[in-house]
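Chains: A, B, C and D, in written order; residue numbering restarts at 1 for each.
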Amino acid sequence: MTPAAQALSEPELERHFEQVIERDQRIEPRDWMPDAYRKTLVRQVAQHAHSEIIGMQPEANWITRAPSLRRKAILLAKVQDEAGHGLYLYSATETLGADRTELTEKLIDSKQKYSSIFNYPTLNFADVGVIGWLVDGAAICNQVPLCRSSFGPYARGMVRICKEESFHQRQGFELLMTMMRGTDAQRRMVQDATDRWWWPSLMMFGPPDHDSPNTAQSMAWKIKRHTNDELRQRFVDMTVPQAEALGVTLPDPEISWNDERGHYDFGEIDWDEFKQVISGNGPCNAERLAHRRAAHEDGAWVREAAAAYAAKQHT
Amino acid sequence: ADELATYCLMLGDDALIMSHRLQQWCTRLPELEEEVAIANIALDLLGQARLLLARSAAASGAAGEDHLAFFRDEHEFRNVRLAELENGDFGELIARLLVFATWRLAVFSRLTGSPDPVLSAIAAKGVKELRYHRDYVAQWAVRLGDGTPYSRQRIAAGLETVWPYVDELFTHPVDHGQKHPSEPAGEVIAHDQHGGGVGVGIDLASVREEFDEVLAQVFRAATLQIPDVSPLPGVGGRAGRDGVHTEAMGYLLAEMQSVARAHPDGTW
Amino acid sequence: ADELATYCLMLGDDALIMSHRLQQWCTRLPELEEEVAIANIALDLLGQARLLLARSAAASGAAGEDHLAFFRDEHEFRNVRLAELENGDFGELIARLLVFATWRLAVFSRLTGSPDPVLSAIAAKGVKELRYHRDYVAQWAVRLGDGTPYSRQRIAAGLETVWPYVDELFTHPVDHGQKHPSEPAGEVIAHDQHGGGVGVGIDLASVREEFDEVLAQVFRAATLQIPDVSPLPGVGGRAGRDGVHTEAMGYLLAEMQSVARAHPDGTW
Amino acid sequence: MTPAAQALSEPELERHFEQVIERDQRIEPRDWMPDAYRKTLVRQVAQHAHSEIIGMQPEANWITRAPSLRRKAILLAKVQDEAGHGLYLYSATETLGADRTELTEKLIDSKQKYSSIFNYPTLNFADVGVIGWLVDGAAICNQVPLCRSSFGPYARGMVRICKEESFHQRQGFELLMTMMRGTDAQRRMVQDATDRWWWPSLMMFGPPDHDSPNTAQSMAWKIKRHTNDELRQRFVDMTVPQAEALGVTLPDPEISWNDERGHYDFGEIDWDEFKQVISGNGPCNAERLAHRRAAHEDGAWVREAAAAYAAKQHT
């Protein structure tokens, strides 16, 4: 808190904060902000950071088995980027007074969430391409508007992250294009992966608007800029033509262009499945957390050694 | 051309297989900074492997890098056994990478003078990468050696695990241009025992001194000792450079080659 | 014939993959008596797998047992996910095998009445083997549950690991002859949803009661509780029986199929 | 010790023991025997038991990768037989007052040896066949005479074990025959495996006679019936024609029939390598012992649980 801020009364600070938001300007870490804004933001950014880190697992699963050295390098670089994003986002939470270690512990104790999508398994090499195409595609739909988040460090982080995600998305699509031009078995792999990832990708946008109680406040604070259903529709509209270009069938017979709405209609999402997955009962929830926990615990002695060594250097 | 192909294959396989072991560390490291750094080293080595395998293929007339990586059998791989060892803990990782990067940096530094312009360019690019690798792991060796009693024990155990594989780094294949120990060391090999063409590589034994000196420095800073263990013999005098590997190698290749071999006509 | 082929494939794959996990225990068990016993169970299951895969191949016109084992891709394997889980400790081994053998014995007992004479003969032979397997692991479950506090903790942890995979044992493939829960259970299936021929298997859901009763007995003797964990869902409602496996399966197959696929024209 | 034995003086006992040996009768566990005989025998039988157990590792290495289900079953059954042999032989040592747990600890603490041959790696599937052919072949040469060992339980054990080993040897040879009729790559595998295992197989018979100080006493006690070099020659004579039948080249240019001797001549063994391997510096010594140690230590809690449960049943 700057001396200038200290001179102001709480209602004045609050009015100033609201004006900044209203004018589409940025809140910066040292600015005054309401506690609820700070908490909501820490949760939002931490969830995003957790998603980057947990999201490394399903893709890393194929690095050692990538069938060409070029694809291996692309995949390895992508997973590395995700670690970089995670690092960057945890830093953003630290500007809000959070602590990376505490957040990691909240993650592995299931006290904070990460994107539901990473609780599905990657079962063939085309999954790598489909994750790029659909999962990164959905992430970009979600994140591009966040480049205008009212919180400065997050907004700036999103600019960089979205740029890299777009690159990953194109690489994923290009892998699928290549595989579709390959053998029948390869085409089958792409279709199989599409069948498995399509619905979970739609779930990435969260519950339907009528069931999303926090949306209104987040939108007022401009840390969320569109509703879940708006973003989901945008994703479907963007993806259906891509699926056609690719030559795969999306596993939803109800998809059809609605001239009146100017959008694609699509079928009902299995919200039971969604609730199961976000409450911990997806196909890989236990595995993903156990893996992250094991890495964290196995690394404890290393972090302790680094701390002990650093302490010696300062004495 | 045969000598060049074999030489590039050796160094390319080292990088490919070591990179594989680092890839297996992804999502398992103690901190995100280490995730980024180890993935980065794995990527650099993978890049070196691609260039070297492509050079080898060009020199021998073989199919390209992917053919060499995915369709050779175990006995055709020329990497040192150090690269293929199963992963241990973080102490073993740092110990292995310290040995590997120190050795490889010394080799690549000299290979910048290779008469083969491609090999020399690959070496020049690699030197910058390897210097970073070596410095990164040396710092960790010091932190672990001079950190807590437990970390000291782990890095020492790691060094004990990898040390038997060190001598092999300084040898050549039994059948290809091996230099007699009594010949002068340190020069770019200017002869080819097969009688054709000018030598392209360096005698690997010639970097032993530099390797020992650099490691002595790191060990001093880390308050560690060189482990007192015997070098691991090969089988009938043949080891990794001759395609005679350890039992870990078959499993590694089964995993690495599984998708490519399931789809031999696939395009990726 | 299609139903028979799929049915035999399911049960054959269960045995093949479970046997693989037991094979990986070889040379790693706590006592030599266990080395002999676990290898024996692995051998029995491998034998069951061979008979069932051969029967499946004969019914579908596919190539034989080796073709099915070594040249199918992951999505073509019909085993339950319980069989493919990565190995844990001895507690997990006993927990998994207890569940597996209890379930399989109940299934095989009823399959002795299959109208397919080959399947019925395979079941009759298997029943004797499975009874030994179940009794062996039940004894160990009791020893561990009622042994030391630590062993109790390990067997309980093992049960917690495998329990989410139990419900899947009582399901059929989504696309093949799945029975509606409201239909009467326990009889040999006398219909084929594909409309051809007489049913050959039993409704797997029909053995749930027997399974629960046997395990309740073992748990009582072992002073253990049924773990309070949710069943593991599949992906979009599809799981092992539909060829939708876990991430462990690809690595298992890469290893199991590596030599056969490296030599597709080989004779062994 | 039976009451009758207690009545005799030590020299009388010793004379009786020597008579039994001389008449080619058997010493049984409850019979009086010299301490040195007992000790030598415990060491011999324990080494044999250790060899069976350590010898499981190189072969078990290929069970999960066997390229046909029939070969997988054969290999698995063979490894199981080895566990059975180990169990049987440790029991024989227990009749001499040894303790299995103590012997296992001596093994993993490198205080007792096992056959040097198992310190070589198995590197392709033909190794499985070559181990059957050469290693089991050499073992049979060593062990058939031991069916006439002066110690009863060991002699009887050897009868059973040799029968099973012969079966394994034939199976190994049959695998190699099949592979030699297969593809070029398969023939190359067989030749490669033969090249690697030939010399180590010759070393299985131990040091040359002039360097084998304990042979004389063991032969006098009839717990060894032929010298190392005699057995080695017998093995070479048996194997050379088999190699010809198989169509592989033994990696020794000096092998040739010597009409005068009525035996095959063969080249000089690398005794330095042999000494290195038996003193712990073979290619797999550390790995084999570490593996056995890990299995033993990981299993400690299981053995404790079994003991605790058994104790409860008795109270």
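FYI, a contact is a pair of C-beta atoms (placed from the backbone, for glycine too) under 8 Å apart; a residue touches a chain by one contact, two chains touch by 3 or more.
Treat the numbers as computed from the prediction; the structure is a model and nothing was measured.
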Chain pair with the higher count of C-beta pairs in contact (A-C, C-D): C-D
Averaged-CA centre spacing for the pair subunit C and subunit A, given as whole angstrom: 37
Averaged-CA centre spacing for the pair subunit D and subunit A, given as whole angstrom: 60
Geometric centre distance via CA averages, subunit C-subunit B, whole Å: 43
Overlap residues in subunit C, where contacts from two or more other chains coincide: 73, 250, 254-255, 258
Contacts with two or more other chains, residues of subunit D listed in rising order: 65, 185
Chain contact graph, described as a line, ring, star, complete graph or other shape: other
In contact (per the touch rule at the top): chain pairs: A-B, A-C, B-C, B-D, C-D
Subunit C partner contacts - residues on subunit B that touch it in the complex: 73, 250-251, 253-255, 257-258, 261-262
Residues on subunit A engaged by subunit B in the complex (per definition of touch): 53, 56-57, 60, 63-73, 76-77, 79-80, 83-84, 86-87, 90, 125, 175, 178-179, 181-183, 185-186, 291-292, 294-296, 298-306, 308-309, 312
Subunit D-touching residues of subunit B, taken from the complex the two chains share: 73-75, 164, 230, 232-236, 244-247, 249-250, 254
Contact set on subunit B toward subunit A in their complex: 16, 20, 23-24, 26-36, 39-40, 42-43, 46-47, 49-50, 53, 65-66, 69-70, 89-90, 142-144, 146-148, 150-151, 154, 255-256, 258-260, 263, 265-268
Subunit B partner contacts - residues on subunit D that touch it in the complex: 58, 61, 65, 120-124, 185, 192, 195-196, 199, 251, 273, 276, 280-284, 286-287
